[in-house]
Amino acid sequence: MVRTKHIFTLICLLMVSNSLHGQPIWLSNRIPADAERSIKPAGMHHLASESKGRGKVKIVQWLMQGERVEDAAYFVQDSTTIEALVFAPSGKKVEHKLDSLNQRTILSFSNPEEGFYNEYVVIKKVSGDTLYYAIAKGELLNHSCRNGHAHVREMMPYKVYPQSIPFEIVRKRMVHEDFHYFVSSGEEISYSILLNGEPANGILTKLSTEKGWINSRRTDDSGEVSFQFLQDYFTPWQEINNREEYTYVLFAKTTIPEIGVFEGLPYNYIKYTASISDAYRPAKTFYQSMFWSIIVLLLTTIGTILAVYYYRSRRNRPFKEIIFDEAN
Amino acid sequence: MTMINDLDRFERVKKSGSIHYAMEAKKCIADIKDEVHSQLSSMEYFYDIMENIIHEPESSDTEEKVIASMCIHVPVELIYAAGARPVRVCGGAYATDQVGADFLPAKTCPMVKSTAGALYLGLLPGRVKPKLVVNPSSCDQKKKLGEVVSGFDDEFYLLELPPNKDTEESREYWHRVVKRFAKKLESVTGKRITRRNLKKAIKLVSTAQGRYRHFHKLRSQAPVIFGKDAILITNAFFFDDLARWTEKLDELNREMELRIEKKKHVVHENAPRILLTGSPAIFPNLKLPILIEKMGGLVACEEYCSSSRMLTDSIAVDEWFLYDMIPAIADRYLKPSTCPNFSPNEDRIRKILSMIKEFNIDGVVYQSFTGCQLYDMESITVGKAMDEINMPTLYLESDYNPDDSGQLITRVEAFLESVKNK
Amino acid sequence: MKRIKQYIDQANLSRFRTYFQILAFVVIVYGGYLGINIGDKTPAFACPYSPGSSGTCYLVAVQHGLHLEWSSLFGFRGLALLTGLGTFVLFFVVFNKAWCGFVCPFGTLQDWITKLRKFFGFRFSRYDEASFKKLKIIKYVFLVLLILIPLAMSNSFFGLPKVSDDMSAPFCQICPGRTIAPLLVGDTSEIFVDFTNKTTMVMSVLGLIFTALFFVGSFFKKRFFCFFCPMSALQYMFSKVGVLRLTKNGDNCTRCGNCSRVCDMGIASIADDIVSTNAVVDDCMMCFKCVEACPEPDCLDVKVFKGNIFSSTSEGFFKRYGESELADQSKK
Amino acid sequence: MKYFIGIDIGSTSIKVVIIDEDKKIIAKGTAATGYHFNENTEDVLKSLFAEQGITEEDIGYIISTGYGRKLYKRSDENVNELSANVAGAVSMGNNGVPIRTIINVGGQDTKVISVSEQGEMQNFVMNDKCAAGTGKFLEMAAHNLELDISEFEALHMEARYEPLPVNSTCVVFAESEIISLLGAGHKRNEIVSGLHYSIAKRIVRLAARAKVQDGVLFDGGAALNKGMVEALETELMRKVYVNEMPQMTTAYGAGVLAIKRWQKVQDA
């Protein structure tokens, strides 16, 4: 088993070397093991954040590269220019910082408002006659019950910024979804792919989960694609922890003919690769069984009724004598 | 076996006994209606049913079953529900007292002797023939009476009262006694106690209590009726048909309300207001209240088991089912009872104190029959309580013979005077 | 004024209470759909597990609020806990324990189950004195656990390992409310045995047992669950300063026992205790059935500040319990 | 000069007192009650009138008290003996000490009256229907011991320190007990002092029911007998006063009340 693992990494390295720019990039909320202590998951949705004293909480996201989520590599800062864009739930641009934390590229911004923060990292590079336009996106929900739930209904729908992000993936909201909602396995999640704000059909999308489950599908003509989050693993009973969260990423790529110049280099085509990363949990209802609950309910009910019946029938028996302990 | 040797002596004694009894009744009513008299028209009904207390009522339907009860602790609701009529047979006549004295020890309480005599001669109110005589074990002499007179043809049934009424055991014990009594009633009357007729019985008695409580409130507002009349009314409750009694009391209430408005009082304001308590005044032995009111006092209220104690505590039933009604009835006769056979009996002292406050009493007259140990013993604790609120108290010991009024007059007159100048 | 007071004293409060309970039941259980929100510090069981609920029972806020390390508990975060408690007390003080008697939907549910029992004519059970005293303590045990477990989840007591997160909102997991409230709006999602791990398994089974006990218990004993409810224990701490008060005037009491017989909770001290004036004990739910059943005038009074708004009168008593058909004829 | 007559018709003896307007005793007389007590009272009155030379017109007001008070025809008004006793004792006074308790041992009953500062009857206790502890008890004992009551005093003083315990629950049984004591060879003086102490114990037990306060006056027929007074003092553990004519106090009280009523009649 061990040997095959090595060969596997070798191949992966080869791939990395020649088509670096082909690898899609995505933003990860997972905190690397050797991160400093001050970075911890915070808030209801466990967003990786660094707390510097009261109130000044800053979200920290790592930029990753690679299609396989479970062993993707951290994006190593090299000469290519990286831009980032963060929009607050109100649509306002949020001041952010892109720097490196022990050789890893991180994006950090503070998220005081309630609602979905849209964060984007864009890498553009021309090679050959194609502009490789890589977009990594994340929708980070910031919510605390203390702020009440009155505003949830109108903050729910997703926001899109076509003028600055031409090619984007958006997770469609569930009907009864609110700020307490977690994507959980076994659910049908659907996405729509927007090209310059218009849903684009026939785009190849690929869903890759931390547990190694990869599946790809093309968007239908209304630009939507949906995946059934298969419970692709069954952990042994002792290790089940229904609070554990695993990352999954949805990639989409398309090439469109367009002529333009970028950083002095002309190109004829643009190759968009977009990604959106989120967290999912094992479904709560996986290990819940109503069947057993009915049994427990029935047993208790019948048991209590019999107990009461027996207790009440003791009235017919003669008066209960007071018993004395004979032990001297 | 008849106590008195030959039968014709029994007939003779019976005839003379009933004549004396009737005369006594007439004399008592005459005393009540003498010059110091409340002139309440609606009292006439009570006067004449009490006057011919032992006359055979004309319209007496023969097959009516009567259960005689000898104390307030007999649950009358159960008797009504079992289709019978309760009649309280506590004796008050000196005539039957003398007859009872023939076969009871000399120091027995006169009421017990009088009841025994009445039972022996069959001189019960309305000349009823009881199918069962229910005898709660409240006073000791009354409890033993059951055995002494069990030779007569009436069947006696003992209702065991627990000596202490505060503990849960005694309450549970009393509930069992009452349930056994209900079963006994069903076998005696042959009619089953059902939910419907028990509910009707409870409501019937409760309505009567409602009327009496209103009467009690009116008496506390203004002195518009003499104490002797009030005691007469409650004595009528012993045997009268309950529905009629309630209606008549209702009329009396209305008449009293008119009097209160018109401020037509029976005594002037500073007449001393007396609370009567102790051994109960049972018709025709009303000589003490009559005497007090002839001397210018007013019996404002009385804490007797022949008056307020019988009619003040009513039943609240949560669920009108037998399983809730019978315990409710049992509780009503045990928990609030202020009868001195229970020990400790602070309830009676609290009741007296609250009556003193409600009726703003000037003096308490505590009467106990000669030979009645219960009220004698209790006079100590009540006396102490009265001292604490320095309420002048007169302790009297008398029995049924009408001619000991010499001593009574001296004591009562002196007492009223000492109350006046307090 | 006097005639109004007289009318109220003789009114049939139980009927009024039944209607009020129906109204409160609708407002609390289905209020969410109507857009009503009575805040998340409600002193009654407005169970948040049911989507329709118009508020949240304060026990939820207590358990979530206490899920803090010591540092933040005694820091600024703890302040939120105190303000929460303050709101709860302000809410509670207005109606005192009448929240249980009049407003709590599960109390109402148990009263309806009692009516069902009465329909079938089953006998109700009562605890005797000894078991009453013993069982009385259970609600305090629940309250203490409800406070300690969340704390133990985020801090380790005496070096013991922290309690696992599955125990979050411990009482809610075993409370019958969690399973019944969603049922009331037709959502059966809360009825499950959760096999995820041992803790969730035990807690969900306990929850189901309590639910079954809730139904069977309240069928045989009136207000069965209220006797063990930690909310009544928590409320009792502040019941002394309540605006609505139930006072007893011992001098007028003849200890006839009517009040303790009609008391759904089976409290005996209301009848036997003629010394203390404040008649509200920890089990009392202030349904005021005792005031209705008291024949003595001015013995039991429901007071708001100084004035009493509903007191026991003999006329009222006889109107409710005494009058028979016979009386109506003679009234003509 | 107007005269006022107080007549106390007791169960055993009739006591008549005539006093003038400023409460000075003019004349007093006693007689046995007997069956014709009306005539007996008239005879006493006639003898006293003759003695003092008083005529009918001089009489201002007559008040009768005691058991027979209602049956004596000629009295203008009758008053119960308790208030008469209090009035007499208070107006007689006993050398400056305010009277707060009166113990009156009459022929048939024993009365203990507690008096308020203003000299009015506050509370009273009377023995119940039993002659034990009354004058009758001593009378019967004297009869059995073939003695006269007046000799009791001397006999008591002889054996004042070793009283024989005589149970005095019931007058009739006490008689058989005295005879058995005599048979056992006990001397009469021991028996007499024993009697005194047993009566005193009974009276003290009765008095306990009314608050006994200092300033105790002992009156009524039995107070004449010094032995009885001493016995009561030791049992009561309080100083007991006796005024100069204890038997006449109630009659004298009736006279005093007669003056008051007469003055009220005059003013009206």
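Here the chain labels run A, B, C and D in written order, and each chain numbers its own residues starting at 1.
Following the convention adopted for this analysis, a contact is a pair of C-beta atoms (placed from the backbone, for glycine too) under 8 Å apart; a residue touches a chain by one contact, two chains touch by 3 or more.
Since this is a predicted model, take the numbers as computed values, not measurements.
Enquirer: In terms of CA centroid distance, which chain is the most far removed from subunit D?
Expert: A
Enquirer: By number of C-beta pairs in contact, which chain pair leads?
Expert: B-C
Enquirer: Going by CA means, which chain is nearest the middle of everything shown?
Expert: Located nearest the centre of all protein C-alpha atoms is chain C.
Enquirer: Rounded to the nearest whole Å, what is the centre-to-centre distance of subunit A and subunit C, using the mean of the C-alpha atoms as each centre?
Expert: Each chain's C-alpha centroid was found; their separation is 43 Å.
Enquirer: Determine the centre-to-centre distance between subunit A and subunit B, using the mean Cα coordinates as centres, and give it in whole Å.
Expert: About 88 Å separates the centre of subunit A from that of subunit B.
Enquirer: Hey, how far is the Cα centre of subunit C from the one of subunit D, in Å?
Expert: Chain centroid spacing, subunit C to subunit D, equals 74 Å.
Enquirer: If you look at subunit C, which of its residues touch at least two other chains?
Expert: Where subunit C meets two or more other chains at a single residue, that happens at 123.
Enquirer: Which parts of subunit D, given as residue numbers and ranges, touch two or more other chains?
Expert: Touching at least two other chains: none.
Enquirer: Think of each chain as a node with edges to the chains it touches; is that a line, ring, star, complete or other?
Expert: Chain contacts: open path, no cycle.
Enquirer: Mind listing each pair of touching chains for me?
Expert: In this structure, the chains touch in these pairs: A-C, B-C, B-D.
Enquirer: Residues of subunit C touching subunit B in their complex?
Expert: Interface residues on subunit C, with respect to subunit B: 118, 121, 123-124, 128-129, 251-258, 261-262, 271-272, 274, 289, 292-295, 297, 314-315, 317-318, 320-327, 330.
Enquirer: Quick one: which bits of subunit C touch subunit A in the complex? Just the residue numbers, please.
Expert: Checking each residue of subunit C against subunit A gives 37, 64, 76, 80, 123, 125, 165-166, 188, 191-197, 200, 204-205, 208-209, 211-213, 215-217, 220.
Enquirer: Along subunit B, where are the residues that touch subunit C in the complex?
Expert: Checking each residue of subunit B against subunit C gives 166, 168, 200, 203-204, 206-207, 209-210, 213-214, 217, 243, 246-247, 250, 312-319, 321, 323-324, 327-328, 331-332, 335-336, 338, 347, 350-351, 353-354, 357.
Enquirer: Please output the residues of subunit D touching subunit B within their complex, sorted ascending.
Expert: 67, 80-83, 109, 120-126, 128-129, 209, 211
Enquirer: Spell out the part of subunit A that touches subunit C in their complex, as residue ranges.
Expert: The contact residues of subunit A facing subunit C are 54, 145-146, 150, 237, 240-243, 284-285, 287-290, 292-294, 296-297, 300-301, 304-305, 308, 311-312.
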